[in-house]
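Okay, so chain A shows up in both of these, paired with chain B first and chain C after.
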Partner chain A sequence: MDTCEVEFLAERELISITPNFDLGVLHLISGDFGPFKAGLPAEVPLWLAINLRQRRKCRIMPPIWLNVKTLEEIKERETQEKLFTKMPSEHFMEVAQLLLTAASEDIPQAGEIKVVLKDIWDSRQAKTRASCSLLLQDGGKHARVDNLTLMEINSVRPLLPHSMDMIRRLQMESSMEAQISQTQGSSFASPSQ
Partner chain B sequence: MFTSIYIITTPDIELINLSQLLHPQISVCCHLNIFKMSSMDTPSNTLQDSDLHDLGLSDDEPETATSVLNKFQTAWINEKLSPEILSYQGDYVECLMEQIKHMDNNVRKLDKRDLRSGLHALELSRIKYMLTDYLRVRLEKIEKYTYTILEAESSRSGDNLFLSEGEFQFAKDFFGNTQTALQTIALRHFPRPLASFDPAKMSVQPPMNSYVFVKAKKEVSGLIVPTHDPEEQDEELDLEENSQHILPYSSVAALVKDGTIMLI
Partner chain C sequence: MKLNPSYEPNYFSLEDICATNSAVPCRVEMMIPNLGEMDRGSHSEHLETGRRLELPLWMAFNLVKRHLVKADCSKAYSQSAREILKAEPAVVDLMKQEPFYYESGVHVASLLEPEEANDLRKVLQNTFQTRSKDVISLSQAELSKEVIVREQLLSKEEKTLMLESRVKWAEVEHWLSGKLTSRELAAVSVSNYLKRKRPRDDAE
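This part shows the complex of A and B:
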């Protein structure tokens, strides 16, 4: 899957906005949203929020986890625990990225948030790489990947499944060779004899 | 043929000022039994509801456009990530096409300066992207695994067909054309003993054992993960609800098809 398609999926997450216009209920195929009253918060999908924000029709209210304090706590937990911790949203990275690009003025301390997010992302990527190489060295057949977000799964997508597949093929070939040499054992004596 | 009923709230009722649409309209869409209902609660709605009961169709879970969209999104992602072709979600595709057409017409009637027209248009292009990408991914698979897919399809019948009519025709044409091309360009210049072509031996098989990421929507117990070393035992695995795993596709293929787990 393409990275922008992961973002596409993240854009269906709901987010609160404060509109500066009045409009009745918006009947979209993906659901009904609104009614919109200037100054009163309403919940809409992210793509709608960003579109409205770009046209300066609303202010975006950042999700409760998108502030320095909460993210620092998450980062702390992430560095202490050996396993992946649960993220506040399955699309935390994409949502944060989209909001920081489209509506950085609506988010207090946007600069600091970016730094902490990058730290969280980096420490999780380091864990991902470490566990991938561990899995491959052990020749694992399956693994549990709880709490990995879609973006992170996508980042290891071409490489990890492919390598595991390659290992499986090599194993299959070597076991087939072993079988063949067993059945033909006597005729193929070792070269030293 | 299609048993489920789509009770769809027409999302456009308020967009149109035509007097005949002030009352919710109920129409049956194309070959799907889509009952379009307005979200407004009017006597005609309840009337239709009781009609549904009379028809004995009330047992079916009513589906809204939103739930169709969500299910289609899952089907789209599954199709994108699975190595083999999955069964064609014709009823979802047609339902969404119908919705798009309907909405397209209504958006056109709106004033360009109306805030809603842009928002509706944006949503439509998002859904259109999903639809076209779904069809595109399927065509790519058909082009790659033509022979295998045609072979498998010929063993299926009636309701179990995996390809849509159009896709089946495309697959047959593509297969025929490839063979003709090989014949005219290369094979007929070969010495006679080499000039025959066996598609069964030459065809590409989908990599069914390739690894995929999955998420269990329900609990699964006793899933067998085959090992390829004869000295090792096949592993047995329990998947908890909402847990995520990386596994060989072949071990979960059936579960993906029946919707117990989804690919991520």
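This part shows the complex of A and C:
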């Protein structure tokens, strides 16, 4: 999966906007949105919000977690805990990234938010890398991936599954050989050539 | 995306062709008539019992199966090479020993006596596991002289993994830095989507 595909999935998240236009109900595949009234908050998918924002038809209300204080708390927890902590949204990085590029004027302290987000991301990436090498080295067969977001899972994707595949192949060959020598030892009658 | 599409020597996989092309020393167990010219050193007409020669893996498979020859470890997988790998897997230049070290190793193991084969398989697995840490760190490291030197130690399999991961890593970094605009993203995903689609019939 590509990064842009993950971003595409994140664009389905709902977000509040304050429109500056009047419009009836919008019938979209994901459901009906609206009616819109100027000045009254409404919930729409993120992609629509960004589109409207780019045409200056609305103001985006950032999600409650997208502020410096909450993110600092999350960062604090993330650096203290050994395991991954729960993120406010399954797509926190994508949503933040999209909003910060398209509607940075609607978000107070956008610059600082960016810095904190990057810190959170980096510390989680460091954890991911450490646990990946641990998993591969110890020859583990499974891992718990609680609280990992889709973007993070996707970032280890070609490497981890393919390495696991390689290890499995090397293991498979030896277990196959063991089976064969076992069956040869027992009274297994092989078809004669 | 696929690292290795086959789980057996595959006629169409280039990796498999290369991996099964490496030579193993063999000892002829039974006289093979009229094939004396396979051993370039001699001028006899037949391949006589006891003659030692190097055969490519793909040929050794079939001859060993018919008990015509007995295979031995090639130098890359010999006892001493294995001891080195057991002691310090990370610094061995696998590329120099055998480009597809693991792939060929698994094939070599299938030709050996069970005890030696199991030892070789264990060594292969341990080596890969220990070196996977390096593969991960190399894929995310900034390019430098040291990184390039370390890269050259990787076997082909490891290198494929490393490069795949590096591409992914660069993509995520690129996305994070916000350099990809939504229009670019759309173009990238459309072109990827088209790649996956079956080619359209032009006859319509």
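The criterion applied here is as follows: the second predicted complex is superposed on the first by the 173 of 193 C-alpha atoms of A that agree within 3 Å, B and C clash if a C-alpha of one lies under 4 Å from a C-alpha of the other, contacts with A are read in each partner's own complex, and residues count from 1 in each chain.
The rule is short, and it goes like this: a residue touches a chain if its C-beta (ideal position, glycine included) is under 8 Å from a C-beta of that chain, and two chains touch if they have at least 3 such contacts.
The model shown is predicted, which means the values in this text are computed figures rather than measured ones.
Touch criterion met: A:4 reaches chain C, while chain B stays clear of it. By the touch criterion defined above, A:155 lies against chain C but remains apart from chain B after alignment on the C-alpha atoms of chain A.
By the touch criterion defined above, A:68 lies against neither chain B nor chain C after alignment on the C-alpha atoms of chain A.
When both complexes are overlaid on chain A, the residue A:171 reaches chain B and chain C alike.
Contacts of A:129 after superposition: chain C is touched, whereas chain B is not reached. Residue contacts after overlaying the shared chain place A:110 against neither chain B nor chain C. When the two complexes are laid over each other on chain A, chain A has residues 5, 8, 157, 162, 165, 171 in contact with both chain B and chain C. Only residues 1, 5, 8-9, 11-12, 21, 23-32, 47-48, 51-52, 55, 57, 141-148, 150, 153, 157, 160-162, 164-165, 168, 171-172, 175, 179 of chain A touch chain B when the two sit together in their complex. Within the complex formed with chain A, the residues of chain B that make contact are 9-15, 39, 65-66, 69, 73, 77, 80-81, 96, 99-100, 103, 115-116, 118-120, 122-124, 126-127, 129, 207, 209-213, 225, 227-231, 235, 237, 243-248, 264.
For chain C in complex with chain A, the residues that touch the partner chain are 1, 3-4, 7, 102, 106, 109-110, 114, 117-118, 121-122, 124-125, 128-130, 132-133, 135-137, 139-140, 157, 161, 164-165, 167-169, 171-172, 174-176, 178, 180, 182, 185-186, 188-189, 192.
Listing the residues of chain A that touch chain C in their complex gives 2-5, 7-8, 50, 97, 100-101, 118, 121, 129, 132-133, 136-139, 151, 155, 157-159, 162-163, 165-167, 169-171, 173-174, 177-178, 181.
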